[in-house]
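Presented below are the structures under discussion, each in the form of structure tokens.
You will see two complexes here that share subunit A, one where it goes with subunit B and one where it goes with subunit C.
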Partner chain A sequence: MTITETRPESGEVAGRTAEETAGPSGLYRLLGTSDHKTLGRLYIGFSLMLLAGVFTMGALLAVDAVDVEGNPVFGAAIGPASSSYLLGTVFFALWPLLLGLATYVVPLQVGSSTIAYPRAAALALWTWVVTTGVYIASVVFGGAYGGADDEAVALSNVAFGALVLALLLGTLCVIVTIISLRPRGMKLNRVPLFSFSFLAAGSLAMLTWPVVLANVALAQVAQFGPDVVSETYLSGIRWALDVPAVYIVALPALGIIGEVVPVFARRRQAHYGVMLTGLGLFGAFSFGAWAQPAFNIEVQEQLLFAFMAFLVALPLLLLLGGWFGGTLRSGELWWRSPLLLALAAILLLCLGVLTGVLRVLNPVDMAPERAFLAQSSFVVTATAAAAVAGLIYWVPKIYGGLFAEWPARVVVVVFVLGSLLYTVPTGISALLENNLSNPTGPLRALDAIVIVGGLVLTVAVAVSVGAVMNAARRKDGFIPDNLWRASTLEWAVGCPPPPGSFVWDLAPVTSEAPLVDFYEEEEASS
Partner chain B sequence: MSIIPVESPAPVLPRRRKQLFATAYASAGVVMFTVALLGSYLVQRAADIETWLADNSIPLLQPTMGLFTLVLSAAAMQWAVYAISRDMRSHALLATGLTGLLGIAYINSIAFLYSQVGLEMANHSEAPLFYTLTASHLVFVAIGVLYLAVMAFRALGGQFSARYPEGISAAAVYWYVVVGLYGVIWYAVYVTK
Partner chain C sequence: MFTTGSKFFYGLAILGFIAAGFYAVLTASHPEGIWDTLTGEGIIDVLIGPLTLGYKGTVGDQLGFSVLVGFAATCASLGFFHTAFRDADPESVAELVHAETVPVSEPTGLSPWPIVGAFGVAVLLIGWAASEVLFVAGMVALVLVGIEWVVQAWSDRATGDPEVNRTIRNRVMVPIEIPLAIVIGIGVVVLSVSRVLLAVSATAAAIIAIVVATLVLIVAFTLASFPKLRQGIIASALLVAGVIIVGAGIGSALSGERDFETNDSGQEEGMAVVDHVADS
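== the complex of A and B ==
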């Protein structure tokens, strides 16, 4: 049959009422959707709530460290609380937040109307949501790694394994989109920096996190064996939260910075190939499945580990050179909140990498556990800052409203303040613990500052959530498709994009900045 | 005689080997999972070399039969790829079915092996590692059989041809990886014990 007339957009179709042809709505539509835009929004919403929870938990853990009048928050449950916090930062909050941004933005950046395997992406989202709920419930009943109830601990382990599997499935959908659904002319060296960084980070996750899953499976089976294994649960996973594997989550953050910097410097990214190389090398040096104590108990004291921790600083220097030496130096800077947060993220990440180098070289006898926490905090806050910068930048595209500049600046100030209060005292305490004759007093004071930092970060995330909800609710009338005059393809469609996103055939892409090419051609012709 | 006019545009084919890339990534994950378990197994065995499998002797017959079965299945899988790329659909279906059947035979042989090894979880410290490693591979083979079955049904429905052999090729990539991994497990776990 050939359709010769345009299908009516509303009203009766073949004797059916508008209600009958409208399709599902409400909760049924939400649960049944495989639209990458809805899935991305759901990831972002849930993960922001969890991020606020993680920062609150970090503050409460510091309360226990201060031990005010011997009245701890967690008491005997400090083990499961700290393990849940460590896992929560990467697997419950940050990676899902980045995955949400990627699920929404990446298909648009590569000119695709859909994500690859949309139903698998939906399955990944809801599995992540359910397993997160199961994990939290198991913690309530005495589970989590280091918990008192063996059955609840086993349930936590299963929930965590399923959660990692779900994240891998969601990541797979995004990276296959980047590889297979690009438009004509968009070679890999023309892929936008965020998409490229997610491709690199996702590929690394596909190689690294199955090793985490292997340890989860082993721990689950080992509970039927003769040995006591509860202590080995976390040691099989913790390396994934330590250097160099933890840098996997920082890689998409670098991609977001790479999107924001040229737009707010109002010029093309200088040395694009070098930037791609820097991202690729940063990813390559972040591969850390080899650096687990299960294979080699002294791995963190060996030369190769120190060398790799040092090596990861080199591509970061390359990227810094591209941004500061090239784009920012010669651009007309537009001091908007995404740029400010991106610069804060760069600072925090540099401090994190520096802490990693100091930690392995250890010229000043840093306390190992505090040094680990300091570095982890720097990487986590840097990634969170970059993710929020990306959120502010893409809010018009994602929610169809504007993230107003004054609340955005409040978010920047509160986020930077909270990050510094949360991270720097931990770093200083790592330096002091083994170098003071009586460190108790100073360490308590520094831990007290960390409490404030954690709470301030919680407020920053809460303000971000409020501003995003406001942007989604307000719908500021007409927003230009390319609000920031950006160069990548997601800005070629509406705010938010219409169903199907790209309803026309894209012209072949001829550079890494197709929209800038288009504007330059238009200006030349006029 | 074809009823399709010659000027009709060619049907739109799926883009750039989407399934092949997805399967390659998933296969890489499977490799890393198995290598991690194998690494833990070998490290633990090196540490407890005096007592490792001291109470029992794992027979080599079933694992070796399993290896031959999987090697044969890999040959059958290659036959399926060859056949579909030449539009010999009946051969492709036969070869895919044979591959799946050999995969089930392998699962059967390893399940029988478990009844012979006498490794009890509660009494042997090496048992958790042994069973996690070998049973996870068994699960990967079962997933491969399921994958082959789905691709065979799609081939039966005419979705794959010489122009678009991707589904069978992707299943083949996964199958070869699983067979290769068993070769490593066979040597590291069953032969060198």
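== the complex of A and C ==
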């Protein structure tokens, strides 16, 4: 089998988009684009800035918890700050970051020159950007869930609803790309792991987040004032950030790990079907729209909730078996930064799932709110670590330059250190709060460590942004199309891909690793 | 027979019907318990309900059942349309354009409407929370964006030549766009500046009105004096000015109008002067 039919001479414009061959340049090209590569880069840039902001906010919230000399940062505004932080982690930063990677990478992985509904993808991006701005402005004027100002709280509510709608639209474009724009021979069981995980996570998001939207709409239509809107957040929205629905955001992170591990173990992914099944089951068990306190106030104390929190650990074990028992054990490990960060992400996610299990089984009387925060922090930092691993891995493809290894290693060290300082003390404080006679002192000490962790994570994200900008600016001369000798189709095109990406016809795909097939066939014939 | 997209929608439709059936059975009131009902005489009633879409037999929560059946029916319809129109079917596409091989699909070009639509959404949201005028303005903006979007999508596929497509689009839309843009532009500036003038004190309003009028005069004079000025500079200057005016208008609308002094009859002082002049 060959991966390509006759590759055209350079300058061939067969698959070029209309905007790539003609039209104005400059700002209008940026604002009017529907090219998935530009849209993906914009998502990544904006969401990384917001991710740094979210981690800073987490540190500032910990400052209030420590309560240094009675000088809180947020004071009476702790409620809106806390709700904005929690919503910000998933809806303002992490999902957009993953969506940005997916918008850029998924069409290339499935051999398509474009994303499905490209203008809808552009609408989704800009609506997300604009509504994020409106939400932040509303918070400044006394809004957000828990805020006191009528109009500002209403504005936060509708801005958040529109933001979720925009993310769903962007997600839909990626899902339809995977379903409809695959090349010949690429059946669903041959779709790359990142694309498959995004298909599963996106489908779950399409099923779950409209319920959040319905609650937002109910709060808005009822017009009972800020108290009722804030109550709606607690009973009708926060479940989307809790077990099991929060794992939706971790699913694409598992997909990224699934891309990185076999490449840096230099062997095919063992038991590919099992890995797909693991990802699918992890997604299925992440469905959490049923676990709303609004309709069942005791849902978190019921057996089904505990069972589901426990059940989600099983597909994770399946995936861990595939990576550690199969690919990593028998591969020749290449200890580059993406692999190190991927392993850190696995560790953090395992701790998150473990915290979830301990939380619902509660053998040691964990403090509920702190246990929720600990689990949320583990899942958030695991997903962020995997997303940054993916960014380092795909940087040559996205920006046409290299993420130099030494700053990448700095990112790894700082990220892992920050994540552990940010998450583990919260977990320990959840264990201690109800089990010490006088927990105030130890809890304040642990919260102080969380402040440091949040700031270190902010630095890690800032260093990542700097390294990415450097890679985009520097252009390291010729970069091989398949720098890492990876197996998926995005590595069959240039770094970055030429206009139109696949300007030649792809040969039918016959396995989940078309490029490895190609190399093996070439080696056999030579 | 079944095309790519149709399989997805048929699958969802089947899932929706199955879910509706389960939901109808599980939410039906069972005084003797669901298990006894399903193994006893009540089984006929409980099964006939969802099978006849509630026409006969028993359906539990009718609202939830209707939502699920509606979802399934919508998906089935979408699936049918995909089958009928042969989505993503290479042979059908080739046949349509009388080609022997499947043509390369031409991805879409630049379009300002997604970002304009996003700002329309923002205006709508702010209006929803704070001001009816802004809500209506946002709605109007979104309707206009929708029309422009549809026309551009149609013209993009009119012929295989992007330049010809652009000409076709301009021939249809420019006679409508230019007068409409002028009306909307004037309307937005008048509305925004009026909100600012109503929000500040009477003295400040007079000063702002004079300054804005002078600025308009200076800018127009400058533009007329330098006819070779680059279009990009003019567009950027107008964009910045537009953002400042609209931003100031929205800010002023949110902060509300100043307190107007009224005379004993409840009439505003300015209006009383106007009445007095009219009487005399």
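One rule holds in what follows: the second predicted complex is superposed on the first by the 495 of 526 C-alpha atoms of A that agree within 3 Å, B and C clash if a C-alpha of one lies under 4 Å from a C-alpha of the other, contacts with A are read in each partner's own complex, and residues count from 1 in each chain.
We adopt the following convention: contacts are C-beta pairs under 8 Å (C-beta built on N, C-alpha and C of every residue); 3 or more make two chains touch, one makes a residue touch a chain.
These numbers come from a predicted model, not from an experiment.
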Clash or fit (per the criteria above) of subunit B with subunit C on subunit A: clash
Which superposed partner A:29 touches (first subunit B, second subunit C, both, neither): second
Touched partner set for A:130, first subunit B, second subunit C, both or neither: second
Touching partner for A:172 - first (subunit B), second (subunit C), both, neither: first
Which superposed partner A:289 touches (first subunit B, second subunit C, both, neither): first
Which superposed partner A:180 touches (first subunit B, second subunit C, both, neither): both
Touching partner for A:203 - first (subunit B), second (subunit C), both, neither: first
Which partner, subunit B or subunit C, touches more subunit A residues: C
Region of subunit C that runs into subunit B when the structures are aligned on their shared chain, from 79-87, 169-177 or 223-231: 79-87
Subunit C-contacting residues of subunit A that also contact subunit B: 179-181
Touch list for subunit A against partner subunit C, complex: 14-15, 17-19, 21-24, 26, 28-29, 31-35, 113-114, 118-120, 122-123, 125-127, 129-131, 133-134, 138, 151-152, 154-155, 157-159, 162, 166, 179-181, 220, 500
Of all residues in subunit A, those that touch subunit B in their complex: 116-117, 168, 172, 175-176, 179-182, 203, 206-211, 213-215, 217-218, 221-222, 224-227, 289, 294-295
Residue ranges of subunit C in contact with subunit A within the complex: 4-5, 8, 87-88, 104-115, 117-119, 121-122, 125-126, 128-130, 149, 153, 156, 162-163, 232, 254
Sites on subunit B touched by subunit A in the complex: 15-18, 21-22, 25-26, 28-30, 32-37, 39-40, 43, 121-125, 127-129, 131-132, 136
